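Here the chain labels run A, B, C, D, E and F in written order, and each chain numbers its own residues starting at 1.
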Amino acid sequence: MARRPRILVINPNSNEAVTEGLRQAVKPLTYADGPEIVCETLAEGPFGVETQEHVESVTLPLRRKVESTNDADAFIIACYSDPGLFVAREGTSRPVFGIAECGVLTALSRADRFGVIAIKSRSIPRHIRYLRQMGLMERLAGERPLEMSVAETASGDGTLARMITVGRELKDLDGAGAIVMGCAGMARHRKPLEDALGIPVIDPTQAAVTMAIGTLAVG
Amino acid sequence: MARRPRILVINPNSNEAVTEGLRQAVKPLTYADGPEIVCETLAEGPFGVETQEHVESVTLPLRRKVESTNDADAFIIACYSDPGLFVAREGTSRPVFGIAECGVLTALSRADRFGVIAIKSRSIPRHIRYLRQMGLMERLAGERPLEMSVAETASGDGTLARMITVGRELKDLDGAGAIVMGCAGMARHRKPLEDALGIPVIDPTQAAVTMAIGTLAVG
Amino acid sequence: MARRPRILVINPNSNEAVTEGLRQAVKPLTYADGPEIVCETLAEGPFGVETQEHVESVTLPLRRKVESTNDADAFIIACYSDPGLFVAREGTSRPVFGIAECGVLTALSRADRFGVIAIKSRSIPRHIRYLRQMGLMERLAGERPLEMSVAETASGDGTLARMITVGRELKDLDGAGAIVMGCAGMARHRKPLEDALGIPVIDPTQAAVTMAIGTLAVG
Amino acid sequence: MARRPRILVINPNSNEAVTEGLRQAVKPLTYADGPEIVCETLAEGPFGVETQEHVESVTLPLRRKVESTNDADAFIIACYSDPGLFVAREGTSRPVFGIAECGVLTALSRADRFGVIAIKSRSIPRHIRYLRQMGLMERLAGERPLEMSVAETASGDGTLARMITVGRELKDLDGAGAIVMGCAGMARHRKPLEDALGIPVIDPTQAAVTMAIGTLAVG
Amino acid sequence: MARRPRILVINPNSNEAVTEGLRQAVKPLTYADGPEIVCETLAEGPFGVETQEHVESVTLPLRRKVESTNDADAFIIACYSDPGLFVAREGTSRPVFGIAECGVLTALSRADRFGVIAIKSRSIPRHIRYLRQMGLMERLAGERPLEMSVAETASGDGTLARMITVGRELKDLDGAGAIVMGCAGMARHRKPLEDALGIPVIDPTQAAVTMAIGTLAVG
Amino acid sequence: MARRPRILVINPNSNEAVTEGLRQAVKPLTYADGPEIVCETLAEGPFGVETQEHVESVTLPLRRKVESTNDADAFIIACYSDPGLFVAREGTSRPVFGIAECGVLTALSRADRFGVIAIKSRSIPRHIRYLRQMGLMERLAGERPLEMSVAETASGDGTLARMITVGRELKDLDGAGAIVMGCAGMARHRKPLEDALGIPVIDPTQAAVTMAIGTLAVG
């Protein structure tokens, strides 16, 4: 392959601010002689992926995006519900990573039991069902919600403070040894949250991009 | 941190040829502006880690190695039994990765169920016990042995052919969708094995180094 | 409610012959003073649901069908992959049943461990993933494929014979005490298969309609 | 079979008021052209089944009742401990259903995780042991007791109020998406409890009779 | 307590030859200054406990036996189905042990995974159901039947040879590291079987008596 | 074997007071015509085994102790972390028991779910990881710490009172039906704690010695 390998990170919602956040999130993983990492917004996506209907609405657009993108060597679906992961994989022989899956797996490489910070409590049953599907429930310490809107978490000054509060509950009450941030748009809080909690904090998009880099490097 | 971050990959056995193999394995993951990846042989290690006694004999030397190495930012224990992983973690606040754990977790990011190729059948109960400890048995398709000595796998021409045979059994009979090479010294067979099987094949050292890179990048 | 309650059974594929088979399947469950059971073909459905793409292609049409159907009191999604089950439930307060889920649950009411007859082996990983999500793997004896096309199973004389062969393997080799027919279109083989095997055989559509009847009766 | 099929619902305790409650419970499931549903009191039963000794005291009488009843086509053991279920099944080729098993399985057809309302806390370990035997613990949200006597629940005006309180704890604190009433005698509270909680509430006797109807219909 | 403590081993079947076998089995565990170990035949028992009906027929007689025996300090139910274990415990504050439970637990103290030799295949589903109830399935390597009658195993010269064959399958094919003899009457074969297989073989009655001795010693 | 069989109980820490406590603990299990039970201090052991480093520091000394001790017929590793259990087993064909494993298995012979009293909370993740490895998590009611130093528990008058408080929480809040004392040095509190709680309390060293006695008796 003459050109530099390329990882396409797809933001399944149409909120361009989230995509810009992804670009910031993956910057530290961009090496001059490593793969190019491109973040794109899914045109067909809803403004936020908050319901099961939102999830389903992006599965086929994601599949088509993957199938029609010839110049990418690996794909990241950058939404913590991993929408369309299986159907996207079915449509290509190139690797496709889901950020929820990679976030949790990376947390497992750092600690015995992990906790998840969700934006809202209504997402938790969906996440639990997915963890059960992944067969990883035995190592879940707990999942707790911020109970903020995506908009609030994006703009609000209080987001980090709330994340620290919830993270401490996961650590101290539930026994989590690592924390997964259960959302695509919180990478900028990763480091201060980790510093405040004193245990590893995983941004799931960074986790997925890392796995894509490793896969392409040896491919 | 002024200097370039450094990942120390420790080969717990004293077989320098294996360490050299590790150096080749991690080369594709070495970026000019990424972390430096250094592979070292544990002086105190046995020539091969094949028994539980071998495993135990390196746990404290690994701990001491980690504690006394000030110029590394992350550590990889490059033996598929993950010897000393927990005691090494206890001795440092820097991340320590085990290749068995990272190999399996990376396989889970690629397929629903994974298979493991072991060198010898006598390692399998130890591996299974460890998978049970990790809470990951639900996604194990199977583990099958080459029944070759480490020496044979290192030198023998027949190793790849045997790996393909065993890999096909894991894929076709056991339903594995990805394969983990259950040994530190088989990276050079990864690509041809993957090509022959048509499913992802994971070298566990490369998997662990990848996770270390991702961790340091965002740290 | 003045009118007689109505159960809408939706065939997510557009094969009208399958819908006609569903009509035959539910006939024994139609009581003069019980709910009306109506079987409809999803206009947007593919001719058969055989791939993950097929599954995803019907989730939102099923949701819309449910939301826009005001004169039904319960819904059955009559495809053994339970496409769109969660998104359909999100869109209505009326009960929505998936035939895979109901088929397996009904088998559990009859025997300690169950077996599943799949049409093709490529569906089995999807089914296993779903059983893991349902938390029901502990009671799965095994799943085995007919390796026939849907067309062959629909028309071919050899279908029942092949089902008996596979059913006997599930019973004798895997220890199944009940069999779930893992497809929406095989109800007419249920009785002869049960007679041949000597253990309960569950048609999943009949299982789901039964649960819907019970729910409406007491609602 | 010339005569109309018949389902025999056996109340294993000798409290005729409970049997009368069962008759009311199954009435909505009685169709003119469906199976006849007959509820009988087990003469040998204790006044209530509250201890393990009570459970054991009815197993063989239930077996004999099943074996000596020639004019029934399916049997329901209407006690939430499913006493004698396996021994009754051993004695007949006709289907025998346990209400605890059917209640839980039916709840699983409606929600991801279920809660159970027990009469007394001392039954909970027995129920948990049974759920573990059924391999269904992964989907249990919780079980909580009313801490009332069977007599109190039968007569007392406060029963529904107490059930609503406990049901809300199961829903709000434990995350239950459906509730199983863990007793044979509470069917009359099902609808008001469901209305108060806003999630499906399952009467286990109705669940079991439903499954028996479905089985006979296609048999 | 002035008198020497006494362990009552109850053979729930009425085959006095089995009781005599139990006496031989427990002899090595009888110390001059240890508890007295008395083996008795349950008068009400069937000649052999081979069916679920046999199991149920002895539960209440065992309870009554326990309740009416004032001069025993611990009880052993010496049948590999552990009939009446829970109801017997309910009737006394003195410890009651089941030999199946103790046999399996003792095997777990010797090896990572265990195998069970059953007399007949029809007992295996009952045993599996019980292992699931005990939450111990993760460590079961397999269970295989002799397919002999209890009478044959009692008298036949070929019993040991058959046990060795089946034990080797459990060890070599299933990966068992210890074997539980799934019957009360095979203690005399324990030592030769263990010598032939080269892995620990557990007689469940001896395992249960051992646990009773330990409990009484410290009580 | 002409001489009396001998069980060697090894205290892996070098605190002779703990060894003396073990001698008291095993006294009730010493029969004139039973095996001799000898308790020894591991010379190389740390003063207490409180960290993972302490655990690792004794694994090979324990192996060598076992290998070099010709006059013992069974070995007990008397530390609740079961250090070196697998490596010791690898070095001998004689049985080696771990007290944590035997303590938990013995608790399972007495009650459906068990609780563990830990000395300090920091040991709990290590214990949980080990329980997961043993595949026994399904029956854990909970583990709670005394939060006392080993020294305090050895000398302090308040130890029993604190154990009763914690034991009551395990029983009443977590549903434990039996308690394992998660430490080698608490045997003298076993009886008063059991009397206070009204449920079985297991000293793990006594549990392991019991299993060793049973093994030697029939060997």
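As a convention for this text, a contact is a pair of C-beta atoms (placed from the backbone, for glycine too) under 8 Å apart; a residue touches a chain by one contact, two chains touch by 3 or more.
For reference, the UniProt names are A, B, C, D, E, F = Asp/Glu racemase.
Keep in mind that this is a model prediction, so the values were computed, not measured.
Enquirer: Can you list every chain that touches chain C (Asp/Glu racemase) and also touches chain F (Asp/Glu racemase)?
Expert: Chains touching both chain C (Asp/Glu racemase) and chain F (Asp/Glu racemase): A, B, D, E.
Enquirer: Using the touch definition from the top, how many steps at minimum link chain B (Asp/Glu racemase) to chain D (Asp/Glu racemase)?
Expert: Shortest path length, in steps: 2.
Enquirer: Tell me, please, which of C-E, A-B or C-D gives a repeat of the B-C interface, judged by over half of the contact pairs matching in residue number.
Expert: Repeat of the B-C interface: C-E.
Enquirer: If you tally contacting C-beta pairs, which comes out ahead, D-E or C-D? Let me know.
Expert: When the contacts at C-D and D-E are counted, C-D has more.
Enquirer: To lay chain A (Asp/Glu racemase) over its twin chain B (Asp/Glu racemase) by CA atoms, how big a turn is needed, in degrees to the nearest 5?
Expert: Angle of the fitting rotation, chain A (Asp/Glu racemase) to chain B (Asp/Glu racemase): 180 degrees.
Enquirer: So, what's the distance in Å between the C-alpha centres of chain F (Asp/Glu racemase) and chain A (Asp/Glu racemase)?
Expert: Chain centres of chain A (Asp/Glu racemase) and chain F (Asp/Glu racemase), defined by C-alpha means, are spaced 44 Å apart.
Enquirer: Where the CA atoms of chain A (Asp/Glu racemase) average out and where those of chain E (Asp/Glu racemase) average out, how many Å apart are those spots?
Expert: Distance between chain centres: 52 Å.
Enquirer: Indicate the whole-number Å distance between the mean C-alpha point of chain B (Asp/Glu racemase) and the mean C-alpha point of chain F (Asp/Glu racemase).
Expert: Centres of chain B (Asp/Glu racemase) and chain F (Asp/Glu racemase) (C-alpha means) sit 34 Å apart.
Enquirer: Going by the contact rule already set, what residues in chain E (Asp/Glu racemase) reach two or more other chains?
Expert: In chain E (Asp/Glu racemase), the residues touching two or more other chains are 129, 132, 135, 138.
Enquirer: With touch defined as at the top, which chains are paired up in contact here?
Expert: Final set of chain pairs in contact is A-B, A-C, A-D, A-F, B-C, B-E, B-F, C-D, C-E, D-E, D-F, E-F.
Enquirer: Provide the residue numbers of chain A (Asp/Glu racemase) that touch chain C (Asp/Glu racemase) in the complex, in ascending order.
Expert: Residues 51-53, 55-57, 59-60, 63, 84, 86-87, 90-91, 126, 129-130, 132-135 of chain A (Asp/Glu racemase) touch chain C (Asp/Glu racemase) in their complex.
Enquirer: Which positions of chain A (Asp/Glu racemase) touch chain F (Asp/Glu racemase) when the two form their complex?
Expert: On the chain A (Asp/Glu racemase) side, the touching residues are 112-113, 138, 175, 177.
Enquirer: In the complex, go through chain E (Asp/Glu racemase) and note every residue touching chain F (Asp/Glu racemase).
Expert: Contacts found on chain E (Asp/Glu racemase): 28-29, 31-34, 95, 97, 101-102, 105-106, 108-110, 134-136, 138-139, 190-191, 200, 203, 206-211, 213-215, 217-219.
Enquirer: Looking at the complex, which residues from chain F (Asp/Glu racemase) come into contact with chain A (Asp/Glu racemase)?
Expert: 124-125, 128-129, 132, 137
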